[in-house]
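Please read the structure below before turning to the comments.
Here the chain labels run A, B, C and D in written order, and each chain numbers its own residues starting at 1.
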Amino acid sequence: MRKEPLRIQQKHQIAKDTIEMVLQNNRVSKCAKPGQFIHLSVNGHTLRRPISIADVNKQAGTVTLLFKVVGKGTSALANLHVDEVIDGIGPIGNGFPIDRMQDSTVLLIGGGIGVPPLYYLGKELSKQGCQITAVLGFQSLNYVFYEEQFRQLGETVIVTEDGSYGLKGLVTAALPDKKQVDVFCTCGPVPMLKAVTSNLQGVPGYISMEERMGCGVGACFACIVPSNNEIGYKKICKDGPVFAVGEVIL
Amino acid sequence: MRKEPLRIQQKHQIAKDTIEMVLQNNRVSKCAKPGQFIHLSVNGHTLRRPISIADVNKQAGTVTLLFKVVGKGTSALANLHVDEVIDGIGPIGNGFPIDRMQDSTVLLIGGGIGVPPLYYLGKELSKQGCQITAVLGFQSLNYVFYEEQFRQLGETVIVTEDGSYGLKGLVTAALPDKKQVDVFCTCGPVPMLKAVTSNLQGVPGYISMEERMGCGVGACFACIVPSNNEIGYKKICKDGPVFAVGEVIL
Amino acid sequence: MINTSIELPGLSLKNPIMPASGCFGFGREYSQFYDLGKLGAVMMKAATENMRLGNPTPRVTETESGMLNAIGLQNPGVHTIIEEEVPFLAQYDTCIIANIAGSTKEEYERVAYAFNDVKTVHALELNISCPNVTAGGVQFGTDHNIAAQVTMAVKKVSNKPVYVKLSPNVSNIVEMAKAVEAAGADGLSLINTLTGMQIHLPSKTPVLANKTGGLSGPAIKPVAIRMVYEVYEHVSIPIIGMGGVSTATDVLEFLLAGASAVAVGTANFQNPYVCPEIIDALPTVLKENGFRSVEDAIGKGHGI
Amino acid sequence: MINTSIELPGLSLKNPIMPASGCFGFGREYSQFYDLGKLGAVMMKAATENMRLGNPTPRVTETESGMLNAIGLQNPGVHTIIEEEVPFLAQYDTCIIANIAGSTKEEYERVAYAFNDVKTVHALELNISCPNVTAGGVQFGTDHNIAAQVTMAVKKVSNKPVYVKLSPNVSNIVEMAKAVEAAGADGLSLINTLTGMQIHLPSKTPVLANKTGGLSGPAIKPVAIRMVYEVYEHVSIPIIGMGGVSTATDVLEFLLAGASAVAVGTANFQNPYVCPEIIDALPTVLKENGFRSVEDAIGKGHGI
């Protein structure tokens, strides 16, 4: 693991409060796996901000991040300009075990800023011959992003809380029949993860988790999630952020 | 007094660690008097930085500041770009009483970053028919600035501590005979002010002082200098920074 | 319409915002920037019995997200303050809180007593916590028995509500608060500065001539919020919160923690308009967070 | 050549820089970034007798120039640490300091005793100051009699030098320091975190699940410098200084205040290379300020 300079190559607003940033760094792009994140330094801030890798272009040596402006750190990041350099640690963590999903039918379920890691995951799974279905939940139409990109991977259902676009409600309302799913991968707020895993009980699945982080590398015990293992916990930054269903207690 | 936006119109390095900044603000340029200062906000810093007004162009609506990069605040200021806007309070304080110096022979004595306010002072005194002599002290040749500008106002002697340019030593070594001076104006570190006033004892004079400041407007009692007046002190930011010799105890 | 007014002992505040003692002098300077009538109240610079010249300079220095000061209670003395400063402030439609300090219990009593006939002063803030004076200050502020005695003594001679300003440099802030409440305090001011120091590398000595100084500014806000929160659960008198406030959201954080009003200190130096700006922004911040009034938000960070 | 080595009880440090306890785990993660042999020492995460799971999350939040944490002493227990973590660290050419904590005096004794046979651990850091555990922690750290008793008890059972880590949340840090010195402490660690709180406006509750947490980072440096400076004048045992260090000039400031070595905590999170970077920069900073060695600078902020 290293601290890497990530040069901003492109920056676009792709939805309300949502920024897409393409960052240039050969090493990170070469080794990034779906589900991993980068821990970004923000000028004037004590703690780094963890942001998932949403896409990778190994040829161009770039990684794409998608993030929502929710507070001081993300708004400072959003205000950076093309050609400025962000200091990031990464790629960090254990991603989705894509090798174990070859040729299967995979359901991706993302909520809000949980959607980004699923895109890179979906692309890699497609390459491996998986059949992809995506259910993506957003607050409302303004917040919807990457719909087209997901459609290119497979059937994609958009759900909005207020019904302003796609289906109205939560992602759980739009889940396909269990029997049509070999494995599911989900990322989003904990209540969504809970609802999804209980809905899809019996189906093998992987969840990607979030927690406030200190070090981001496993040293500070900030990002603990209870587990049934012998030590009683897992570290989201180091052991996760992706866990197999049942590996951690939600 | 107001908080004013000062747009950087020009920025030049004019000597080692020394920056000249021309700032656009009509109101400040209209009312600035020699000896006054501006209390500049620096992003990410709790306290403002006081910097003297070194020149004014009322037609162009600009004021010029000259400052030395000595710490975090001045280096942050030095890193600002043309067209960025600095938030400044000012002009602040009581300047040199130029009305009382009409048609006299005025000696200006400046040390290092005490030189800047003397330039605007000299220009205004010149306009009033004063005859100017300037003795300017710097650490060494690299630090010398505004020599030409001062020469245009009158006889100018440069002194450097290491003798790398002009006379070697301290400004006190280069002071003219008392008898040739009607009034003197000086700005620089306290030991220099002490030496100068004792050398020129008997000659009416004005000194401009520095102290670490909080509010910069007279409210916090940070920038006190002892005085023989009935209350025992003066505030440098509000009552000064310019005082008549004898008004404060050095 | 969001109601920002709040009633505290002796203080009918049109809004809960007031400049903190020592960061606003006696108001004259900031009256050049805006109408002081906009403020809920003004907390005046500390008054002692006689004029004090304070500490040698340098008296202030900057720290990360904060500053240190060691002014040393410089002030013209209570009688000059009453004659020259209070009448100036009294022109404005705002409440006046007199911050009083001393080196002995008797000095506190005499300073408090001097304000009895000054109708335009609405309340006293008993500064038992100034870290920058050698006699008095610290001892009063860190021993709960002495703090209670001074409070009781001042309450006895004064006809004004007394807000006791506590020092954060204590092992147990709740014990201090309960002691002064029991001694008759009408309210609390929380917090004064944390004692700190900065060493100047070039000269290899403390930057401040007084060596130590009081740390203020955003750096200390978490300590202030914690103390207000803890004290709120153990006293029934109102709390004026302070420490690092520079925005209306900071104010709301203090209200949620349990403050009934909020003082703004160091932030005035960075932005002389900070108080009126906060006052203008507060109704929106309250509304966005689901409150109809200041009253409504007080203590709401404690759950139900 | 600038000599950065320093001899302290039990510790032959090649340089005075060490990661602070709790901010570096047991070193494994940071060993991915650089050779831990570069460090003067490593202060391990607190060890308790049995495994502890710590507090619920969220456990950290950011503040202005600082952060709050309420990890709650999560650790695998002293025996696992000795079996699995110490051997890993012992591969590196650096000193190991074991931070020990407990809920009772007896637990402290047992944890300290467990390290007696671990030759690769050079010293103990007695954590009587963790603000984030309800039993033990705070009380031990804010009452000088109890602090002295725990120190004495640990000294009795342990064969290692004991550095007592003091809490800044006290009225009188000098009294605490003198009490543990008299009780036999071989050195002091100053400071642990200041107790603070942040309230989350959207949810109107404290951000940390534990409500309060420990404030660390540059925000607290002035408090740390003040405490090191004050304590240095009253004790003769060495001080390991910490609190907000992120540069080599910060290290020099602590040395001038009286620290003999310096720990770096929060800054590791911002910059995982901060310790080796400081180690590389320190000789130049010492030289520029006229010192030939670390030893030379210790206490030089106190005049002659």
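Rule of thumb we're sticking to: a contact is a pair of C-beta atoms (placed from the backbone, for glycine too) under 8 Å apart; a residue touches a chain by one contact, two chains touch by 3 or more.
What you are looking at is a predicted structure, and each value in this text was computed from that prediction instead of being measured.
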{"item": "Minimum number of chain-to-chain touching steps separating chain B from chain D", "value": "2"}
{"item": "Relative to chain B, chain with the most remote C-alpha centre", "value": "A"}
{"item": "Gap in Å, rounded to a whole number, between the CA centres of chain C and chain A", "value": "47"}
{"item": "Whole-Å gap separating chain C and chain D, where each centre is the average of the chain's CA atoms", "value": "33"}
{"item": "Length of the line joining the C-alpha centres of chain B and chain C, rounded to whole Å", "value": "36"}
{"item": "For chain A, residues contacting two or more additional chains", "value": "none"}
{"item": "Junction residues of chain C - those touching two or more other chains", "value": "63, 65-66, 217-218"}
{"item": "Contact graph of the chains (line, ring, star, complete, other)", "value": "line"}
{"item": "Complete list of chain pairs which touch one another", "value": "A-D, B-C, C-D"}
{"item": "List of chain C residues in touch with chain B within their complex", "value": "22-25, 28-30, 32-33, 45, 51, 53-54, 57-63, 65-67, 69, 71, 74, 76, 217-218, 266, 268-273"}
{"item": "Sites on chain A touched by chain D in the complex", "value": "1-3, 41, 45-48, 73, 89, 211-226, 231-233, 238"}
{"item": "Chain C contact footprint on chain D (complex, rising order)", "value": "63-66, 68, 142-143, 169-172, 194-199, 201-202, 204-206, 211-212, 215, 217-223, 225-226, 229-230, 244, 249, 252-253, 256-257, 289, 300-301, 303"}
